[in-house]
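Chain nomenclature is as follows: A, B, C, D, E and F, assigned in order of appearance, with residue numbering initiated at 1 for each chain independently.
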Amino acid sequence: MIELHLPLLPILIPLVGSMLLLLLPASWRGPFALGTMVVSLVASSRLLQVVATTGTALVFHAGRWEVVEGVATGITLVGDWLSAMFVVMSQLVMLLGFVYALGCGDKVTGYGSFYTLFLLLVTGLTGTFLTGDLFNLFVFAELLVLSGTLLTAVADDKFGVEAAFKYFYISLLAAAFLLLACGGLYISYGTVNMAQLSVALAAETTPLALIAGGLLLATFMIKSATVPFHFWQPDFHAAAPTPVSATLSSVVVKLGVYGYLRMTTLLFVEQAEILQTILLVVGVVGVVFGGLAAIGTHNMKRMLAYSTLAQVGFILVGIGWGTALSLAAALVFTVNHALIKAAMLMLAGAVASRAPVKSADFEHIVGVGQAHPRMGILFFVGAMGLAGIPPTSGFISKMLIFNSGVAGMGYWSLGLIGVAAILTLVYTMRAFMRVWWVPAEGDLPFKRGDRLWAPALLLLGVVVLGLWAEPLLVVAEATAEWIMKPDPYVEAVLGLVP
Amino acid sequence: MGALLVWVLRKWMPITAARGWLLSIFPLMSLGLLGRAWWLVEDKYLSWSWAWVPAANLNISFYYDALSALFGLMVAGIGVLILIYGGYYFADDKDANRFFAYLLLFMGMMLGVVVAGDLITMFLFWEGTSITSFLLVAYKYKYESARKGAFKALFITGGGGIALLAGSLFLGHIAGGYDFKTIFSQAEVIQQHELYWVVLGLIAFGAFTKSAQVPAHIWLPAAMSAPTPASAYLHSATMVKAGIYLLARLNPALGGTESWFWLLSTVGLVTMVTGAYWGIQQDDLKGLLAYSTISQLGVLTFLIGQETEIAFKALVIGVIAHALFKSALFMCAGIIDHETGTRLLSRLGGLRQSMPITFVVVVMAGLSLAGSPPMFGFLAKETLLATAVHPTLSTATSWLFVLAIVVAAAFKLVQAGLVIVDVFMGEPRDKGVKGHEAPWGMVMAPLLPALASMGVGLLPNTAIVATFFGKAAEAAYGDKVKVSLALWTGINIPLLLSMGAITAGLILFSQRSWLIKREERWSFNRVYDGVLGGMDRLAFWATRTQTGYLRHYLAVMMVAMWVLVLLLWRFDWPTLAPFELFDDTRLEFDLIRLVSLVTIVAAAVTTIVLKRDFGAILALGAVGLSVAVYMAVEPAPDVALVQIVVDLLATVILVLALDRLPREQRRAAQTLQSQISWLRAGIATGGGLLVAGMSYMALSTRPRVSLVTPYYEQSAKALTGASDIVGAVIVDFRALDTLIEITVFSLAGIGVFTLFRWAARKHGDHEAAVANRMEPSLAALMQFSIGERPVSAYLQAVVTMVLPVALVIGGIHMLYGHEQPGDGFTAGVIISLAIGLWYVVFGFRETRRRLWWLRPHGFISLGVLLVIVTGLISMGVEGYFLASVDFGKMIGLPLPEGMKFSSGFLFEVAIASAVVGGVSLILDTLGRPAALAVQIHRAAQAEFDEAEKMDSQ
Amino acid sequence: MGYFTWIVPLTLLYVGLTANAEGLNWIVGLLLATLVTFLMRPEVKPHGIDWWGRAIVSGTRFVVTLLWDLMVSSVQVAGLVINRDIRVHQGIMALPTKHPAKGITVLSAQAITLTPGELVVDIDDEGTMYVHSLNVVAAMESEPAAQAKRVAQLEALFE
Amino acid sequence: MVLLTSIGIGMLFGVAIYQMLQRNVIRSAIGIILLGNAINLFLLAAGSQNGLVPAYDKAKDVMPDALPQAFVLTAIVISMGGVAVILAMLYIVSARYGTGDLDEINGLKH
Amino acid sequence: MIVELLAVITIMVATMFSVIGVVGFRRLPDVYTRLHATGKVGVLGVVMLLIAAVLVTPLVWSKALVLILLLLVVGPVTAHVLALAAYELGIEMKEGQQDDLQGVFTGITAEKIRLQDTSEGVKRGLFE
Amino acid sequence: MSTLLIGTLYFSLAVHTLLIGYAVWRMWRGENRIDRLMGFDLIGTLILGVLVLIAMIEETSIFIDVGLGLTALGFVGVVALARYAVAGEVE
C-alpha cells in the first residue's frame, strides 16, 4: 500500500506536518518541521528509486478513480523520471532550507506560522511536479504562490511586503492564464488529464488549444521568471527571508522548467519546434540580460536573483535545442543550479546577518567577510560553481550544455551564451572581492550570524557532484530518454498504447 | 596534496624560512617522480586513463611524453627553488601559509595541465591554474591594485577558458574523442572539417589569453601585484607557458595549415615586438620583466606557428631558457624589493656593492635575457633567427620575421641593460634606498637557474639534455627533431643577425634617455577598461528595466503573452458560429443571459467611471451577483450559490479593508483615476479580445464531448451516493483538488492573520504610530471603526438571531451537501459571515467572549487534518487514499433519507471547519477595530520580545 | 430548560429547510439545534408549559396582524407611488415602546418597519423608537394606539 | 447569443485588466476580483453551456457539464483566498508607504 | 385549475409590487421615502412569488415558508439600517414636517466624523 | 403547467430582469451613497425574484436553496456596507 501511495506521500507528508504544526507549542515547531521534511525526502527518494528500478512511472489514482474505458476519471499523480527527479531535487534543497531556518537569526523564523507556511510551500511545489492533471497543477501552484507570498510578506526585510505584493499580483495574472489555458484545453478535448491531453493533442490540435498553449507557455514563463515575465523575481527573491529565498530562486523557479519540459515533450509535441525556438530565444536573452543585470545591481541577494535569470536561461537553451543530449544537460544544469544557488543565497543571507546593518546591499556588506574567512571559502566555492569552474558541479553543467550545443549544432546560441558566460565570473568574483577583500570602512566588530551548516552541506554536494557526476548524469540521461517520447508516460497513466 | 597539508598544519608551521625548505619537499618529490617516469618511458609515452563520468563519456587521463616531461620538470624544478625562496621572502609572515597553500595548489594544477591526457582533463587543471593565480595575485587583497590585477587576470584568462572549453568540445566532437591520441590520429579529419577554423580560433584564443599574447597580454603586468615568488613562478616560468604547451601539444593535430601559420606567426611577432618595446618603458622592475616575458611568449607562439624542425628546436630551448633566466631575474627583483623596499628603476641604483651576489646573478640572467653568449638565451635567439631564415619561408615573409626578431632582440638587450646597469651601477637615484645582501638561501634560489642557464650554454651537446629536448620537440612537431646545443655553429646568417641585434641593442641602450618615455600612453588597458565600462553601462541599463512600477510589469507581460499566443496560434480560426441573437431553445433564458451580461458589463464599467471607491465596490458586488444570475441560468445552481456567497464575502472584506486604509491616502488615491489612459485601455482591449475570441471559439465548437463527465453522470449516485453531481466531483472524484483548495483558503486566513500580526509592525512604522500617538484618541478610534459603534436594539436582536440560523443552514449544507446546492464551503462562509456580522454589531471583544469556541487556527488545522484522516481511513478500508466510503452503511447507522455518513460528509464538515477558521481569521484581523488591533499588536510584541530574550540566552 | 426557547424553533427551521419530516430527521434536527444552542449559550430564563401555549397563540396573532398590515399598507404605498402627483408629508416622530422589555421594543420595531409607510430609524436607550413616516400627521394620531395594541399582544411573551 | 456572450466575457476581462493597471490601490484590487469573475464566467459559460436542467442525478433533460462547474467552484474559492491576502497586503503596503497610489509603492527597483 | 389561476394572479400581483417598488425608488423624493418602496414593497413582491411557487409547483412548501419568514425579518431591518445610516450621514428629509430625533440623536453623525477627520485625521492616517 | 401560467412566468421573468437593469443604472447614478446602497439591495431582492421564477419554470427547489443563501448573505453585506458608508467612506 505504501508503494502504491508513493507518488502521494511527498505531498501528503509536508501537508500533514504543516497542519500538525499549528497545534504544537512554538519551540517544537522548527525541529518537527525539519523531521517532517526528512521523512518526506525519504519518501520522495524512495519514489525515485522505485522509478529507477522499474523503469516506468508510478501512477496513483487519487480516491481510486481509475482509468475507465481509457478515460482517466479522477486526479492522477504521476511519479515518472521527470517528476521524481524534480521532487527529490526540490525536497533536498528545501530540507536544507529548513536546516538553515533553524540556525537563522531572522525574526520571521520565530513567527508562529513560519514553518507551516514553509511546509505548505513544499507541498505546493511537490504537488505541481507530481500531478498528472492540469487543473490540479493550478491548485497546487496556487498553494505554492500563496505560501511563498506570505513568507516573503512577513520577511524581516522592510521591502518584503512590496515584493510579495507585486509577486502576488503577477501570479494572479499567471493563474488567470493557466485557468484560461485549462479551459481552452478542456473545451477542446473534454479532459484536463495530461496523458489524455497528450493523446488528444497528438491526434488533432484545435485553434483554441493552440491559444491555450500560448497561455500555458506564458504561465510557465511567469513561474520560471523568464524574460520578459521576470519582473517579480529580483524583488521577490531578494526580499524573501533567507531560508525561503534560497529555495525560491533555486527550486521553485524550476516549476517553469518542469512545465516547459512537459509542454514540449508531452502536451504540445506537435508544436515542439516553435516552442523550442521561443525558449531558445528567451533563454539566450535571459542569459545575457540576467548576467548584465546581476552585474549592475546593488544588492547581493538581488544579484543572485538576477543570476537565476541567466542560469535558467542556460537551461532554456538546453531545452530549446531539444536533443536528448541537451535535455539531459538541461536537467543536470537544473539540479546543479538548484544546489549552488540555494547555497549562494544562504551565504548572502549569512553575510547580511553579519553586517552591521542587517542588509545584503553591497554598501552595507563591504568588508564584512574579512572576519569570516571560512564563509569566504564557501562563497568562493559557490562562486566557482555558478561560474562553472571545476571541480564544482557547475562545471559539469556548463560543459554538458556547451557540449550539447556543439553536438546539436546550435552554434549561434552557443556563441551568445558562451560570451555571456563570462558575466557570471564577473559578478560572482566582484561580489566576493567586495565582501571578503575590500577593507571595510572603519572597524567591523566580529558579529555572530546565521549558521552555515546548510550552505556548507549544499556546497559539499556541489563539489561531490562535480567530482563524481556519474549518478546525476545517469538519472538525467534516463530522464531525458524517458521524456523524449510521450508514449511511455501515456501508457503508464492510461494503460494503453497510443 | 601539499596545499591541504599546509592548511591542516598551519598551526604548527614554523614562521621562518624553514617553512619554504620544508615545503619544497613536495615539488622535489614531483620532480623525482617525473624524472623517474621519464626514465621509464624513455622515448615512448606513458598514459593512464580512468572513466570519470562514463555517462558523458568523460575520462580523467594522463599522457606523459617528452613534451610533458619538459614542462613538468621545469614546473617542478623551478617550484623547488621558488618554495625555498618563498620561505625566506615570507620569513616572518604568519599569514603566508595561505600563500604556500595556493602555490602548492597551483603547482599541482600546473603539473596536471602538462601531464593531462585529454582536453577535458587538461581543461580541469587549466581552470585550476587560473583560479589559483587569481588567489595568488590578490594575495595582498587589501590593496586595490592587487584586487584589480587579480580580477583582470581572471577575467581575461576566464574568458579564454570558456573559449578553450568550447574549442575542446568542438575538437572532441570532430575527432570523436577528447584524448590526445585520438585527436592526433584524426588530424586529417580535423583540418579538413568545416569547423576547423572555429576550433582553431577558440583554442588559440584560450591559449593566447593564458600566454599573454597581444592584446590579451594586459593582465600579466597587472598581475605583478602578486608577491614576487608567485610572479617568478606563475607569471614567468610556468602558468603563462600553459598556452604555449597547449599549442605545442595540439600542433600535430591542428598545426601545419595556412591559418595556423598566419595566426600564430602574426600574433607571436606582434607580441614579441610590442612586449619588448613596452618592457623598456617600465619603471617598475617587475613590470619590465613582465613585458619581457610577454615578448618571450610571443616568440614561443611564433615558433609553434612555424612548421619547421628548427622552430621546435627553438621552442624547447626557448621555453627552458626563459624559465631559467626569467625566474632568476624575478627572484632577484624580489630580493631587491625585499631588501631595499622599492622596485622602481627611478629610485634604485648602485646596489653593486651592497648586494654583490645578487648582482652576479642578475648579470648572468640578464645576459641570457639579452641573448648574448655564452648564455642559454643566446642559443635560444640563435635558433629563433635560424627559424626565421628558414628556406621554406618566402623571402618577404622571412625578412619581415627577421626584422621583427632583430628589433625585439635589440629591445631586450636594452631591458637587460636597464636591469643590470640602472639597478646596480652608478649611484642610487634615491639616496634613501639602501640595500644589503639577502640570506644565502634566498640568493641561492635565483643563482641556481642562472647558473643552469649558463651551464647549458657552456656545456653544449650534453647528450642527455639534447636527446631529451629533441624528444620534446618531436612530440610537439610530430616528427623527429635533432637538437644540438652547440653554442658555436660557425658563422652563418643567424649569427650575423644576432650580432647585428646586439649592436643595435647597445646603441639603443646608450641612447636610452631618448627612447624611454615612461609616461601614460595609450595601451590595450583602455580597451579592457572600455569593455568593462561598456559592460557596466549595459548592466546599468539592464537594471533600469526594473522600474518598480507594477503596472509596467503587468503591461509588458500582457503584451508578451499576446505575442506568445500569436506565435502559436497564427490566426487559425475554427468554423465560427454565425450571429444569432437568441439560440437557446428557451428564449427567456437567453433573455436573462443577455440582461445579466449587459448588467455585468455595465456594472464593471461602473467600477471604472465612479469616482468614489464606495460606489465602485457596490458596482463590483453587482457584477458578482449578475455573474451568479448568469450561472444560475446555466443552470448551475451550485456554482451560483458559491458565487453569491463569495461575492458578498469579498464585498464585506473589501469594505473592511478599505475602512482601515488611511482616509487622506484614499482621498488622494481617488483623484488618480480621473483620466483614461489609452495605453492601459489598449492593453485591456487586447486582453479582452483574446478572451472574447477564446469564448467565441469555444461556444462555436459546441456541443463538444467531455471525456469524463458522462462517467460522473452515470456513477455519481451509485458510487458516491450523491445526487448533486457537481458536489460529487468536488468531494469525491476530485477530492484532492478540494483538499488543496481548502488548504489554500485556510492558508489565506493564516496569512492575513500573520500579516497583520507580524508584517504590520515591522520597522517601527506601525508600532511607533500605535504606541506613541494613538493613545489619547483610543476611545474615539474604537467608536469610529466599523465594529464598535453602538447600534439600535432592533438591529442587535436581529443580528443575534442570524448566527444560530446561519449555523443551522450551515449544518444543512454539510448534512445534505450531496443532495442540494451548497456544501461545506458555503456552510463555512455563511457561518463565518454571520460571525462577522456579530463583529460589526457587537464589537470584537463581546463577540469573542460569547463565542468561546471560536479558535480559528484550531479550526483550520482540524479541518485539513480531518480531510486527511478521512482519506487515511478510506485508505484503510478501500486501500486508496481519499477513496469514497460510506461509513454509515458500514456500521449500520440509521439515517434519514438522503443523508449519508460517508467520507464525502466528513469532507464537507472538514471544509466547513477550515473555511470558518480561515474566514474568521480574515474578518478577525480586517474587521477588528483598529484600537483593539493596537492592543493585540502590543501583546504580540511583548510575547515576541520574550521569545527573543529566551533565544538570546 | 430555558434553552428550549431556542432549540424548538431551530429544530423547526431545520426540518423546514430540509423538507424531510421523517422521524430520524427530526432527531438529527434536534441534535443539531441543541448543538447550536449550546454553542450560542443564550441568556434565557426557563418557561413553563403554559407559557408555550400563550406564546404560540399571541405569536401567531402577531404574525397574522403583521401580514395583514403589510398587505393593506403596501396597497396604500402603491397607490401613493402610482399617483401622478406624489405628495408625502414625511417626518420622524418619537414613539415610546411603553414597556420595559427589550424584546417588545424589538418586535414592535419589526412590526412598525414592516408596515409600509412607517420605518424605525433609531431606538434610544429608553426604548423610544423614532419612526419615519410617509404621513407623519396621520401616524402621530394612529400609532400610539397601535403600539398599545402591540404591547398588549406581546406582553405575554416577555413577562 | 454566442457572439454576445463572448463579447460580454471579453469586455469583463478587459475591464478587469484595465482596473488592474490603475494606480489607485482599491481600483486595482477591484480589478483582481473582476479578473476572477471573468475567468469563472469564461470557464462556466464557454466550458459547459449545453444543459437544460441542473446537473443532479435522475435529471429529466440534458445536464450541463458538471466538471467545469467543479473547476469554477474550486477557482472561486481559491481566488477568494487570494483576494483576502492581497487586501491585507495592500493595507500593510499602503500603511508602510503612506500612500494609496500604486506608483508610489516602488521601493524595490533596479 | 383554480389554483393555477390563483397562481397567475399572485404572480401578476407580485410582479406589480416589484414594479411599484422600483417605480417608487424612481419617483419618491428622498432616501427615507424610497426605503418604504424598495425595502418593503419590493420584498412583498418576492414573498408573493414564493407563495405562487408553493401553489403551482411541487416545490417544498416548508423551504418557501422559511424563506418568507426570513424575508419578513430581514427586509425591514435592512430598511432600518439604511435609514439610520442615512440619518447618521446627515442626509436631510425633503420637506420633512417633523423631526423628533433631531437633538436627541446619540449616534455618530457625519458631522462629527468630518470634524474628527480634520482635527485628528492625521492620527488615523498615521495609524492605518 | 398551462400556457397561461408559463406565459405569466415568462412575462414576470422578463419584467424582473429588466428591473435589475434599472437597479444597476440607479447604482451608477445614485444621488448619494445610501441611494446606491439601496440600488444594490434592490438588485439582491430582484435576483431572488428571478431565482424563484426560475425555480418555478424548472420545477425544482434547488434554486430556492440558492435564494436562501442570497437572502441571508445579502443582509450581512448590506449591513456591513451601511456601517461602512457612514464611518469609512471618504468624500
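Quick note on the criterion: a residue touches a chain if its C-beta (ideal position, glycine included) is under 8 Å from a C-beta of that chain, and two chains touch if they have at least 3 such contacts.
This is a predicted model, so every value here is computed, not measured.
Chain centres here are C-alpha means, and the one lying farthest from chain B is C.
With centres taken as mean CA coordinates, the chain nearest to the overall protein centre is A. For chain pairs B-C and E-F, the one joined by more C-beta pairs in contact is E-F.
The mean-CA centres of chain B and chain F are about 59 angstrom from one another, to the nearest whole unit.
Look at where the CA atoms of chain D average out and do the same for chain F: the two points lie 21 Å apart.
Chain A and chain D have centres, each the mean of its CA atoms, that are 28 Å apart. For the pair chain A and chain B, the distance between C-alpha centroids works out to 15 Å.
Within chain F, contacts with two or more other chains are made by residues 33, 37, 39, 58, 60-62, 65, 68, 72, 74-75, 79, 83, 85, 87.
Under the contact definition stated at the top, the residues of chain A that touch 2 or more other chains are 135, 139, 142, 146, 149-150, 153, 158, 161, 165-166, 169, 173, 180, 183, 186-187, 234-235, 296-297. Under the contact definition stated at the top, the residues of chain D that touch 2 or more other chains are 20, 42, 46-47, 53-54, 56, 67, 74, 78, 81-82, 85, 89-92, 95-96, 98, 105-108, 110. Those residues of chain B lying in contact with chain F across their complex are 587-588, 591-592, 595-596, 598-599, 602-603, 606, 609-610, 612-615, 617-619, 621-622, 625-626, 628-629, 632-633, 635, 637, 640-641, 644-645, 648-649, 651-652, 655-656, 658-659, 663, 666-667, 670, 784-786, 789, 795, 799, 802, 805-806, 809, 820-822, 826, 829-830, 833-834, 836-837, 840-841.
Per the touch definition, chain B reaches chain E in the complex via residues 660-665, 766, 769-770, 773-774, 777, 780-781, 783-784, 789-792, 794-795, 798, 801, 805, 930, 934. Contacts from chain F toward chain D in the complex involve residues 58, 60, 62.
Put simply, chain C touches chain E in their complex at residues 13, 15-17, 19, 66, 70-71, 74, 77-78, 81-82, 86, 88-94, 109-110, 113-122, 124-125, 130, 132, 134, 136-137, 140.
Residues of chain D touching chain F in their complex: 53-54, 56.
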